[in-house]
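Listed after this line are the structures, all set down as structure tokens.
What follows is a pair of complexes built around subunit A, which joins subunit B in one and subunit C in the other.
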Partner chain A sequence: MSARADAVLDRLLALAAERFGKAREALAPEDDLFDALEIDSMQALSLLTALEETFEVEIPDYEVQDVRTFAELAEVVASRL
Partner chain B sequence: MHLTHAIEGGILTVTLDGGRLNEIGLPMLCALEGVVPLLSRPDVRALVIASAKPGGFSAGADLRELHAGLTSVDGAPEALGAHARALFDTPRTAARAGASTLRAALRRRDPHPLRAAKAWGVRAFLDRVHAAFDAIDAAPVPTIAAVHGVCFGGGFELALACDVIVADKTARFAFPELRLGLIPGFGGIPRLERDLGNSVARDLLFSGRSLSAKRAHELGLVAQLVAEGRAPDVARRLAEQTTRLDPHTLAVAKAFAKPIPRARLREEKDRFVELLGRPAVVEALTRFVEAEDAMPYLPPKDARPAPRGVS
Partner chain C sequence: MTVAAEMLDPTRYASLGELLEDALLTFKTETALIEVDRKKETRRLTYLEARREVLRVARLLADHGVGPGDRVAMLLGNQSRWLTVAAAAFRRGAVLVPLDYKLSAEEQARLLAHAQPKALVSEQGLLRRFERLEARPSVPLVFDVEEDWDALPPEGAEAPALEPRAREDVATIVYSSGTGGVAKGCMLTHDAYLEQLRGLMARFPMRSGHRVLSILPTNHAIDFMVGFVGPFSAGACVIHQRTLRPELLQPTMQAYGVTHMALVPLILEGFEAAIRDSLAERPRWARRMFSVLGGLNELLTAAAPRPEVSRALLAPIHEAFGGELEVLFCGGAFVDRARAELFYRMGLPVVIGYGLTEACTVATVNDLRPFRGDSVGRPLDGVEVKIHAPGADGVGEVWIRGRTLMKGYLDEPELTKETITADGWLRTGDLGWIDAAHHLHLVGRRKNMIVTSGGKNVYPEDVEGAFDALDVEELVVFASGYLWPRGLTHERLVAIVRPKRENGARPSRDAVLAQLRAHNRRLPDHKRVGAVLFWSESFPRTASMKIKRDALAEALRDAGERELVAL
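The block that comes next holds the complex of A and B.
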């Protein structure tokens, strides 16, 4: 994982934990984000909106279509920075 | 109940509140048709459309109803007329369109003649949706969509029929129809082209991706971007402002600034109905209906498109 993606991952985990009421330390980079956050696709869409706002990027849905883990999601966000 | 409405201070406020996320099927259409005539009342000076659903403005057309309409009649062709009457409540036109399409499909040895005919029966439903959306589009008073959360497909098309979109930061706009083998059928393409131009319309259509409210604001789709939960209030204040202006001048300005692309709207309906009879659409709708996820628009990972020319 790139240094940029590492930095994104840290903020992403904190943001996801806060948004969906989870403890930050309970989330690990390789966790399945849908399972760890207990969210469906509609809630995932709201996470996408929050990420776009926080990192000031635009992330097309199709780029996260196959993403399952926080680490994979961080890579996608980092590729847009 | 699929919506509530109230008139206060000259402002007609329509609050969508039906189904899981304001899906637009026959019950929602009937409810909208019930409020459209109010736009001609002299005491109505502006319209605000909002949603009571926490998840958003509207998830779009009721695909479960559409799927049922395409698959529920098995057996004799004569069942088509009864089916059309039950679903679309427009006995003569729907049955006639269905019956003549069925005859044509049988003549050309279509492998799914009844399905093709039923697709054309859907045309009667589309005609009613277009009549309601056109009436909102051409209303003699300013119309404002107050949008939050999901605003997809038919819901997006309803928002586009309004003069102004006020959106909060949670709003996301998308046309996922192509993922189901369809195109938007409620007037979305011509109205998006009217507001944003064809290149943005193509990007959204061909990718099915959703736009955040912020991006939609930058593109000019959203006129006013507001804090989470504030869209209805801001929309009402904008509506109040318009009621201070001369109504005749407003109507003239609106008719001049916002022509209705009628020829393109008709063409879109034709294309939608042509696509609807294809087996690939029924299969995609079946996958949608059977999915447990709230928004199962994305194709499965291992899905590969059929070769060109294969439906």
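The block that comes next holds the complex of A and C.
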């Protein structure tokens, strides 16, 4: 994973934990984000909107359609920075 | 001030390439394409500017030997370049193969291997997904509209001529989902599209000045017509935004005064929530006022829509959607009648239609004169619809005939023969009846499948595997509309489960439900099972131990759906 993606991952985990009321320490990069956050795909899109605001990027919905883990999501965001 | 040119007459053209070229020349200075992201407009092209782009892409295709009859695959999210690249491919006389960008990379690779295109036009985010695959697609020319755009031949490079095509030549190969991994590539001709355009635009004419927000995938039949060929043939403007999130779409509708949109019931549901939220924020007297005004609007628009009346009566609701909406085309799945009626009451006409990829775009559509939320409309001019072998209640399989039907499935002559009869009727596999006003009503399916409110076809057999590890005696998945054909607005997948019995004790249904829910969560939303029916008898099986689905379905039909447990 690139250094950039690492940095994104760090902020992503903090943001996701806060947004969905989980402990930051309870989330690991390779966790399935839907299971770990107990969210559905519509809630996942709202997380995407929050990430876009944080990182000031625009990510088409379909680029994250087969993303399952936090690490994969961080890679997609990092590739757009 | 310019005088708006008339809509092009589709009967005057031999091919989509010819029609699009004429549109690009006729509507010159009209705005053809606008692209926005959440904060700003990122692209805007007039028809002439769009034509310059078309010529550059056509030059590139020609330089790589892509010509008449060659296949050009498109794997691209909705954006202005989708349309200019498609127009360039048609200019070359090529056959467009629009792939669904929402499929998995594996499925896309499989379709590419089946279609054998000479060129693939795509974008970084989607191409990157192929890198993980063991068998990556091999296509002679891969053009990335983000990375490679600047490398296009410059403007002014010698423009390749418009390649003539005949009406009966294949224009596109559009994949329709099949069961068990069969790739069903519907070969649609130029004649099918031009005839479809004629029929649809006669009922819902467009003109320059209309602004269409294109959010359904353009690879899908509905947006290909409503978000591309239709508006282009009328000099209207197509707006693209790469998201389906309602909170991001609404500001765009407001900023551009969107007049037309094609959507699926799922998005309509999101809009309804937005309307209800905006009403809930208002004081009680205002809500009561809206209810009265909604009733008044209904009265005044009973015979036909009157946008100016509705906008005046219900301004706040209309303003939330930009204040200029004329029509919402809704298809892909079945629209809830109450929802369609609510929108009409608010002065936002939802046009409900019915079609299949095998029949181009739509076969029947409502004409709003008067609005009806209970049917999927009347056949378009030139399309024949009949009920095959109706029962005493008039319900039978819906058959369609006309020039808009596909030529057949690519490389699947047997499957084509099973689908289209010798005298040209398409067996849809859907069950319905036709009323005295010639409106078609759909009630169920002869084929075991559902169409989700997001417009996706799902075959139960493809979902069963996800429940293999479940600790039950037997499990099978059916489509609700196949078992109990009583309307299709809430169709869902139903798991039929025979729980284990250990030492004669009654199995705990709660434990089975908990397991089912856990497995369900791992499936994509559209593939999730919606309800469970516990069944105590052994499933009927063949000598080779395969479940006899027909026999089981018959038994389930008799038993009814009273005992369904929602998941």
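Note that the second predicted complex is superposed on the first by the 81 of 81 C-alpha atoms of A that agree within 3 Å, B and C clash if a C-alpha of one lies under 4 Å from a C-alpha of the other, contacts with A are read in each partner's own complex, and residues count from 1 in each chain.
We take it that a residue touches a chain if its C-beta (ideal position, glycine included) is under 8 Å from a C-beta of that chain, and two chains touch if they have at least 3 such contacts.
Not measured: the values here are computed from a predicted model.
In the superposed pair of complexes, A:Ser79 makes contact with subunit C only, with no contact to subunit B.
Of the two partner chains, both subunit B and subunit C are touched by A:Glu52. Of the two partner chains placed around the shared chain by superposition, subunit C is the only one that A:Asp35 touches, whereas subunit B remains out of contact. When both complexes are aligned on chain A by C-alpha atoms, subunit A residues 40-41, 45-46, 49, 52, 58, 60-62, 65-66 touch subunit B in the first and subunit C in the second. Residues 37-38, 77, 101-102, 104-105, 124-126, 128-129, 242-245, 247-248, 521, 524-525 of subunit C touch subunit A in their complex. Residue ranges of subunit A in contact with subunit C, taken from their complex: 34-35, 40-41, 45-46, 49, 52, 58, 60-63, 65-66, 76, 79. Chain contact summary for the complex, subunit A toward subunit B: residues 40-42, 45-46, 48-49, 52-53, 58, 60-62, 65-66.
Contacts from subunit B toward subunit A in the complex involve residues 55, 149-150, 169-170, 172, 174, 207-210, 212-215, 293-296, 298, 301.
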